[in-house]
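Please read the structure below before turning to the comments.
When the chains are written out, they are named A, B, C, D, E, F, G and H in that same order, and each has its own residue count from 1.
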Amino acid sequence: MSRTLGRLLATASLASLAVTALAAAPAHAAPTRDEPAGQAVVQSVTLSADAALEIAQAAMREAARQKQRVTVVIVDRSGATRLVVKGDGAGPQTEESARRKAFTAVSFGKATGELGRSLTGGRPSIADIPGTLFLAGGVPVASGGAPIAGVGVGGAPSGDIDEAIAQAGLKAVAGRLR
Amino acid sequence: MSRTLGRLLATASLASLAVTALAAAPAHAAPTRDEPAGQAVVQSVTLSADAALEIAQAAMREAARQKQRVTVVIVDRSGATRLVVKGDGAGPQTEESARRKAFTAVSFGKATGELGRSLTGGRPSIADIPGTLFLAGGVPVASGGAPIAGVGVGGAPSGDIDEAIAQAGLKAVAGRLR
Amino acid sequence: MSRTLGRLLATASLASLAVTALAAAPAHAAPTRDEPAGQAVVQSVTLSADAALEIAQAAMREAARQKQRVTVVIVDRSGATRLVVKGDGAGPQTEESARRKAFTAVSFGKATGELGRSLTGGRPSIADIPGTLFLAGGVPVASGGAPIAGVGVGGAPSGDIDEAIAQAGLKAVAGRLR
Amino acid sequence: MSRTLGRLLATASLASLAVTALAAAPAHAAPTRDEPAGQAVVQSVTLSADAALEIAQAAMREAARQKQRVTVVIVDRSGATRLVVKGDGAGPQTEESARRKAFTAVSFGKATGELGRSLTGGRPSIADIPGTLFLAGGVPVASGGAPIAGVGVGGAPSGDIDEAIAQAGLKAVAGRLR
Amino acid sequence: MSRTLGRLLATASLASLAVTALAAAPAHAAPTRDEPAGQAVVQSVTLSADAALEIAQAAMREAARQKQRVTVVIVDRSGATRLVVKGDGAGPQTEESARRKAFTAVSFGKATGELGRSLTGGRPSIADIPGTLFLAGGVPVASGGAPIAGVGVGGAPSGDIDEAIAQAGLKAVAGRLR
Amino acid sequence: MSRTLGRLLATASLASLAVTALAAAPAHAAPTRDEPAGQAVVQSVTLSADAALEIAQAAMREAARQKQRVTVVIVDRSGATRLVVKGDGAGPQTEESARRKAFTAVSFGKATGELGRSLTGGRPSIADIPGTLFLAGGVPVASGGAPIAGVGVGGAPSGDIDEAIAQAGLKAVAGRLR
Amino acid sequence: MSRTLGRLLATASLASLAVTALAAAPAHAAPTRDEPAGQAVVQSVTLSADAALEIAQAAMREAARQKQRVTVVIVDRSGATRLVVKGDGAGPQTEESARRKAFTAVSFGKATGELGRSLTGGRPSIADIPGTLFLAGGVPVASGGAPIAGVGVGGAPSGDIDEAIAQAGLKAVAGRLR
Amino acid sequence: MSRTLGRLLATASLASLAVTALAAAPAHAAPTRDEPAGQAVVQSVTLSADAALEIAQAAMREAARQKQRVTVVIVDRSGATRLVVKGDGAGPQTEESARRKAFTAVSFGKATGELGRSLTGGRPSIADIPGTLFLAGGVPVASGGAPIAGVGVGGAPSGDIDEAIAQAGLKAVAGRLR
């Protein structure tokens, strides 16, 4: 993470402290908490494939309701693809833009729209990190206080619509993320 | 698509509403319009190879008339190459710049020059999406109200000349795009 | 397509002629059939996003039934991704192997297992073409006598199981491919 | 996985059945075993960074003892890098060869030497899958009956020495993998 | 060039000596022939963009006549793209296979079919050189005894048909290559 | 070329018109000037390998004189590498930075320092074209009024020193470029 | 190096001259100092693998102390990887961001935080050079007055914390770098 | 290194033992020999840029004498480029084939022709390692019993001629490699 984000966090209001804490503890799970000393493994939590499909379908339904032609991508905390679905008529740029939004959201534990609004456009910034994209439309999936996946949507004429579609997807599994 | 473009659309005049609608409905064809319920396929429309060659030849003739040494690239709505022709003496950067202009035009359903003029230069913006280039010289090919291909031209000393060459190509098939 | 496949087709029995014809006419749709002379566009048919999701879910159910941990990838006739879903615990090699099987099936209009059995292992062969993989587990989705998409599955300990899972996915939309 | 490996497994002796079962159940953990119905997450197990460092150091000690100049790479079950250490004077090819051995071992849940001995050299085979390398020197790290990481070593004049060095690394954490 | 091709040339009959000489003198033009001593530049000859378009159109006409759906690629002696045209309904693998056939033909100054028939399938061979493909369908364009471009065709069910289409293209400019 | 450069050219003083003309006519040679009608080939001029070596050695001598540790790259008008030499102790970034400066100089027919001074830093601009770098240190090699190669130097603590080294190289062949 | 950095160095105070000299003399070792005339080799100094492991472990201990989840990467003066270790729960963007910080530090012989603070955000600048990243968290390892390796850390919510972790690693070998 | 090469070494005659030992001890220099305990650095030896230029020029002279049009590439023991020079009229495949031969020679410390003759063509083998090419034309540059660079030549109609050209280059610095 960067100087730019660091400054952003430093100037954040108290109201966003919970989110800040999330960014400061981005882990599958706390490996030191409940591991017996000397164990060579750590437990982690991943989004299930079933849940990924539920998110994608809910997002695609919302996109249809809003008559948007989008692509949805879900990546896990290692950056590996969990799901891609390209909607009918979605543009050729949508797979990569959705993927990068998902990647960015799971990397920093925040919605890409929120992160992007804090970037001034000057360089250097975290926007220089390969694989990232700070346009609205990416949201993190959190479990146990840590991001375990990112959902990215691309293709609507405004990032805010992309984000609303991603949030609709996320809502489908809310409450079952332990 | 991005916050930046979203804002751009929000502030667009009524006169450009038709174009805005085009951007908001970027599809090969409307899959829900005339598909029987339950059908697993959607109809789409693509530029024919013959038309691609006609566009390229008309563009190359215009480039010769203007004594410009350019490359012309046409990509379809999936982002796949339909045509590339590199003019005699065109620079080594022209294939990729023409390709990206074509890709950008078919992605957003507008000329790249128009899109580029709306970008302020600040980041983040849609210019961060991989594969795009917002210099003038890319124009969309539309059919049935949706972009089906993009024509990109690179190599002239000004993007406006590149765009004029691309438009000359497009003109060769105008009226036969249904 | 290659000398190797050419020979394979030349020695194929009459029983496989229908399939051979499919390979010889791999198109979204026949552009010359019903296009008015001079039209600059051709109609094509693509698998819908809904159908892609149905295929993926049916394939994942079959994988669960067989206790296999696999990834399913669907690509369209332009080679673009339509869907990826990585099952819980599927290996890191499965996304790319499933993608290449899907790509190969839609490229040649046949199941990858059938194609692979015809390759002798000598080089040069069509197995040298970038993006292909001739292990069983890829099946074409055909409409109107032409491949419109490919479904690829990777991760089971045998390609035959991968193919059975892909076929189970395909079955979910059979009869609705016009 | 491929027809080739399928055949290999089919002809494997009873003695190797345990290993075969491992290959047939390659997962971080069994997600259906202890997840409450409806949960959107699955538990998985990863090698800790401390354990990765212990493996690397033990492997480098063994390499020094055998006067070999090698690179050690550890990747997790998602294919992501956990550790790379390039020994003094190790060749430029060793990073990628060690990485691919590690990737192959964690993908198929077996030592690359064992897998490689079963390949006849004919194509197509699993050796065509991108990212794999079937030379000896890669060993899987298993926990709970499933591969969670791969350790790859490259640089010795024989793959058997590479494998012995990898095994020496693995030994350092044996018994603590639960 | 490789041991394999070396052997091939060594055993070639006298009848093919002219072709062998071509392979042994692959140059844009003879730089020592007419350059004043001390000149820092050499003259070379390239296929014109007009000629590239003529070749492509003649090849596409032949493909239509044979009812084949193919892609045609032309590359120059530096390996740079001069022309790509993807026919209606051509498969997703055809752009890269046609490109590699064109690249191989201009690299070795012979038709890829002829080169491929001389490869035994054993490794190492020139088929290991990146960017090459030794399936029939690539033909060199020669001027002044040296290859100046390569024409590659991919998509027909047999490499021999691909080559016939490429030859039909080449014929369109024969006699005007000086 | 871009709107940005277009504007730059539009506002250039008369004194720079010769250079502007160079940018507007970037070709190996004028193909229409002296080709018999119907010829399928065009003559072009390339820097000889001997001249490339002379340039590199003169540049390296100048670098030694200035106690700079640099890499020199020369590319031709097709973008292909003609020469790379990495000086003793030159940094790992120098090969790519020198290559991009050379590529940019031969693409636009001007020194990269001059081009870069005209860029305002706003986006979009020609600096977005892949493969370019607008830091000082790249100079074009021109023959017959057109750029035929680019020389790029990277590694000195200031781009102006890099450019002086490139110019020292160029001087070694000046007067022999016809 | 760029105009931007050049200007930065030109305006630097006397106090930073030692560091400037370091940037101006970035070499493994001085090849002209003690090589007999005519020798074809130069001596250079590299960080040992043991030292790389010591640095990584010290950095990981500091990260644990600060409860940060980071990745540490060390590259040598040729840009080749010496070490990567990804901490438990570190984000997917950390491997590449740490690698680029290490690359940048060894390229320019300064901490990335210091370099980044001197960049104004305008383009063109050295931030356009491929492989670089000018966020804090990268520090050079120097020996004999020249950078021989770079240590990069990524993953903390502020670049200053990343840099403190990198410095803690460096401290572990300080005094033994001759 | 592989099982295949291991076997090759095992069956090598006594006469080749010196070379075998070279392969078994591939290092810049022996780091344990003369380093004070606890030192964090190791000394290594690299080919000087001057020597690289001398090798390239001698190789190009030999190529001219044999009327061959080739590319010469030299890489160091880290795999980084030291020199590339592409001869007039050399084919587009020659840069990459020469680079891979150089890479292979410095990786395994033997001529690529010798290594290639020992490969049976079966897979898996060391020919599967990325970046390698086992065609004749690559020779190692050794100093102090270890490979410090590789010289690769590509473009002649036979690998044996490529190798002779590489050896002529190497001869130019023989006796000055300490």
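Heads up, the rule we're going with is that a contact is a pair of C-beta atoms (placed from the backbone, for glycine too) under 8 Å apart; a residue touches a chain by one contact, two chains touch by 3 or more.
The model shown is predicted, which means the values in this text are computed figures rather than measured ones.
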item	value
For chain H, the least number of touch steps when starting out from chain E	1
Selected from B-E, F-H or E-H, interface repeating D-H by over half of its contact pairs	E-H
Result of counting contacting C-beta pairs for A-G and A-C, higher pair	A-G
Euclidean distance of C-alpha centroids - chain C vs chain H, Å	43
Whole-Å gap between the CA centroids of chain A and chain D	30
Chain A residues counted as touching two or more neighbouring chains	28, 31, 42, 44, 46, 48, 78-80, 88, 92, 121, 123, 125
Interchain contacts (touch definition) - all pairs	A-B, A-C, A-D, A-G, B-C, B-E, B-F, C-D, C-E, D-G, D-H, E-F, E-H, F-G, F-H, G-H
Chain B-facing residues of chain C, complex	28, 31, 35, 38-48, 50-51, 54, 76, 78-80, 143, 148, 173, 176-178
Chain F residues within the chain H interface of the complex	46, 48-49, 52-53, 56-57, 60, 80-88, 92, 95
Residues of chain H defined as touching chain D within the complex	1-6, 9-10, 20, 23-29, 31, 42, 44, 75, 77-79, 103-104, 106-108, 121-126, 128-132, 146-147
Complex contact set, residues of chain H against chain E	67-69, 88-93, 96-97, 100, 113, 116, 119-121, 123, 125, 127, 133-136, 154-162
